[in-house]
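By letter and in written order, the chains are A, B, C and D; residue numbering begins at 1 in each of them.
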């Protein structure tokens, strides 16, 4: 079991996350039918509305239909500041999402806490859950959001999302243990 | 027109009003803690006053008060009261405003609650308690409103550091910040 | 065991089963506690309600705000007076310009500059505030209609809001977080041919408002979901400190722009719509009417705006023009001192307020002579309206919580400060 | 025969997708995921409590009128054949049989609706 599988850090994961041609087919399907769970809290919500509005239409990318239950959604969009009091709610929503799942940190408050460095604003949502794509900007322009979505689609296609890597790692650990078992 | 309000108030409650002022044309009256409830109900019920609309309630923590260009005597010192709770009121009928201020010592920050006189102060007083630790006697349910119950301390006091976080939940596989823990640096980082 | 026990006691303790009417023989349902939690579309993501319901009817509700408490006061104590403007943008992020103007007015009151601003600066402030108030009402009505299932008005109003955002971006450089006002005036002048753009934008928005009004006013579904829901009497509105469209819907004739006139509002005529019953339908109508009043004010401003400076030329307060700052050493030092140390406001405390998107928005500022505010308290109307929400949703169905929360327009940033 | 093929096709179609979901879909359960979703907060109160009987009434009534609509679909598809029949003299004739049939069916249910409406079982209070 020489594989060093301790982490899903993306640089290390790229080494062992080789993807077979067959595995790319379901990823292609997932890429174009993202159901977002808009975890909207703050001012970025206004920009999230503009992204969903007719002018900068997100429906062109198949990610328009917001699902307000984590069971039916696979993209968690953290829109706005995450405070310490909101932390447990965010972690519970993330845990209750179906695999494979991806997370976009929408805006600088969700990415690093922005200019709210104080006792109640959390310095970024990645203190609580692994985030796949960070969108800078306070609030980011709708074009940035669409660009981030395309970036996420490439990542989904290559199978390098955090949850995809973790699943692959668990499979490899399980298969390695079953080999040792025999 | 507004001086009339302060004059009427001092006339009605000569011993309750410590001092009055109208800097920047905001009528302010410093009231003793014991008389606050009586003054408040009078202000609301008296037809000439008719202060029926509450505006806000907050507290000022004077511990760091060193005004520039003022004699040292004005700086804060142990003998002076540390907190001042301010109630701003407004009359819809007469369109005049007043701000009641109550000075509280550091060791005993308590005063009678005005939540029954004006319902709006119910939440405002809970916020002041949550942020400054001012106890309001007679408040229906005085508990934290913004922060979570497990939070210790009163954040808006001047002696509470700005970035002292008390996290509820953190990720278990949190990537270690390489700057803070140089020995945990990954060999692929410094290549 | 306890359940069976209470069941038997319940049935035996009562009259004989035969002569009970059908309602009585029905065992009383237990009260259920339901969680309308922080991450819920109708709760704008930042409020948690613990509802105790008897079937569908709400018996008790405990509203818990604070999920978006971003410590505006603590942050502004560590920032200079000019650096607080970006924080005020994020208070009521649906109408950010009004917060900027509010903070600028508070500091000007402390400095004693209240009436001394150049008239052009005052007019620019009124124009951008009214545009921001329009985006506030457009978003509020659009989002509330969408939460009740009417998706088309949401898209129509967002399209209208986009036009306003483009214009505000042309003025201030940002779509939402403008930080456009400064102590003593505004950052920079209006862009060229601004009048043409604004009149074009207003002409485009008017038919959209008429469309949506036709769509919603005659819509039976919207009518039934909104009429008689969350009614508030006039005395309750005053007693609980309600202001703005919600108080006006209840009949309280209070508008800061008219009762405590500030800036150049005395020179503009506009009327203040009043409701009667104070329910969600009246709030919707008051906001719709205020949209038209904003357009009317904007048109008057475009006619009456004078030429002149856009910021007061008081060296204590205003930044030196860029041309001087690069050429003369005095201006450069003043520029540097202004940025680093901030404006030196003489010690004192003052409360300045104006008519925000949701009502009387005020800033209570205590200054201690340095360049940083000693205390900056924001009196936010959403926080006061949320405190009345538990009384509004009493004895309504769970489904009625959605229109009530939509219509009191509780903005997380402003409510939790 | 086409009915059998339709059923087969339906079963096959559903079976294919559930099989795909089970096989291709990854499985990662954790204790948190099995808890009920309550808008991100800790679930409070137990669903075991006694529900008000109103819930069942509303559910049953919905069922009745939903199935009524379901019965209309086959009738609608065959409506053409029902109304275009050949008259005794061989000339095409429009028959009202299909329409009348549905009127009777709907009439019965309207009576049921009137009864339910009067007993106020539809509303909540």
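Heads up, the rule we're going with is that a residue touches a chain if its C-beta (ideal position, glycine included) is under 8 Å from a C-beta of that chain, and two chains touch if they have at least 3 such contacts.
These numbers come from a predicted model, not from an experiment.
A.B. asks: Using the touch definition from the top, list the chains contacting both subunit C and subunit D.
C.D. replies: Common neighbours, subunit C/subunit D: A.
A.B. asks: Measuring centre to centre, with centres taken as mean CA positions, what chain is farthest from subunit D?
C.D. replies: So the farthest one, by centre of C-alpha atoms, is B.
A.B. asks: Could you see whether A-B or A-C has the larger number of C-beta contact pairs?
C.D. replies: A-C
A.B. asks: Could you tell me the distance, in whole angstrom, between the mean C-alpha positions of subunit A and subunit B?
C.D. replies: 41
A.B. asks: Take the average of all CA coordinates in subunit A, do the same for subunit C, and state the distance between these two points in whole angstrom.
C.D. replies: Taking the mean C-alpha position of each chain, the two centres sit 32 Å apart.
A.B. asks: Rounded to a whole Å, what is the gap between the Cα centroids of subunit A and subunit D?
C.D. replies: Taking the mean C-alpha position of each chain, the two centres sit 37 Å apart.
A.B. asks: Taking each chain's centre as the mean position of its Cα atoms, how many Å separate subunit B from subunit C?
C.D. replies: Taking the mean C-alpha position of each chain, the two centres sit 23 Å apart.
A.B. asks: Residue numbers in subunit C touching 2 or more other chains?
C.D. replies: Within subunit C, the residues that touch at least two other chains are 37-40, 66, 69, 71, 74-75.
A.B. asks: Among all residues of subunit B, which ones touch two or more of the remaining chains?
C.D. replies: Only 146-148, 155, 162 qualify.
A.B. asks: By residue number and range, which residues of subunit D touch two or more other chains?
C.D. replies: If we look for residues of subunit D contacting two or more partner chains, we find 39-41.
A.B. asks: Considering only which chains touch which, label the overall pattern as line, ring, star, complete or other.
C.D. replies: It is other, because the touches fit no line, ring, star or complete pattern.
A.B. asks: Would you mind giving me the full set of chain pairs in touch?
C.D. replies: So the chains that touch one another pair up as A-B, A-C, A-D, B-C, C-D.
A.B. asks: Going by the contact rule at the top, pick out the subunit D residues touching subunit C in the complex.
C.D. replies: Listed in rising order, the residues of subunit D that touch subunit C are 38-41, 43-45, 49-55, 124-125.
A.B. asks: Which stretch or stretches of subunit B touch subunit C in the complex?
C.D. replies: Against subunit C, the touching part of subunit B is residues 23-24, 26, 52-56, 58, 60-61, 64-70, 86, 88, 92, 95, 99, 118-120, 122-124, 127, 131, 144-148, 155-156, 162.
A.B. asks: Spell out the residues on subunit D that touch subunit A in their complex, using ranges where they run on.
C.D. replies: My answer: residues 24-28, 30, 32-33, 35, 37, 39-42.
A.B. asks: Please name which positions on subunit A make contact with subunit B in the complex.
C.D. replies: 7, 9, 11-12, 84-85, 87-88, 91, 117-120, 122, 126-130
A.B. asks: Which positions of subunit C touch subunit B when the two form their complex?
C.D. replies: By the definition above, subunit C touches subunit B via 64-66, 69, 71, 73-75, 78, 109-110, 112, 238-241, 252, 254, 259-260, 344, 346-351, 353, 360, 362, 364, 366, 368-370, 374-375, 377, 379, 383-384, 386-388, 416-417.
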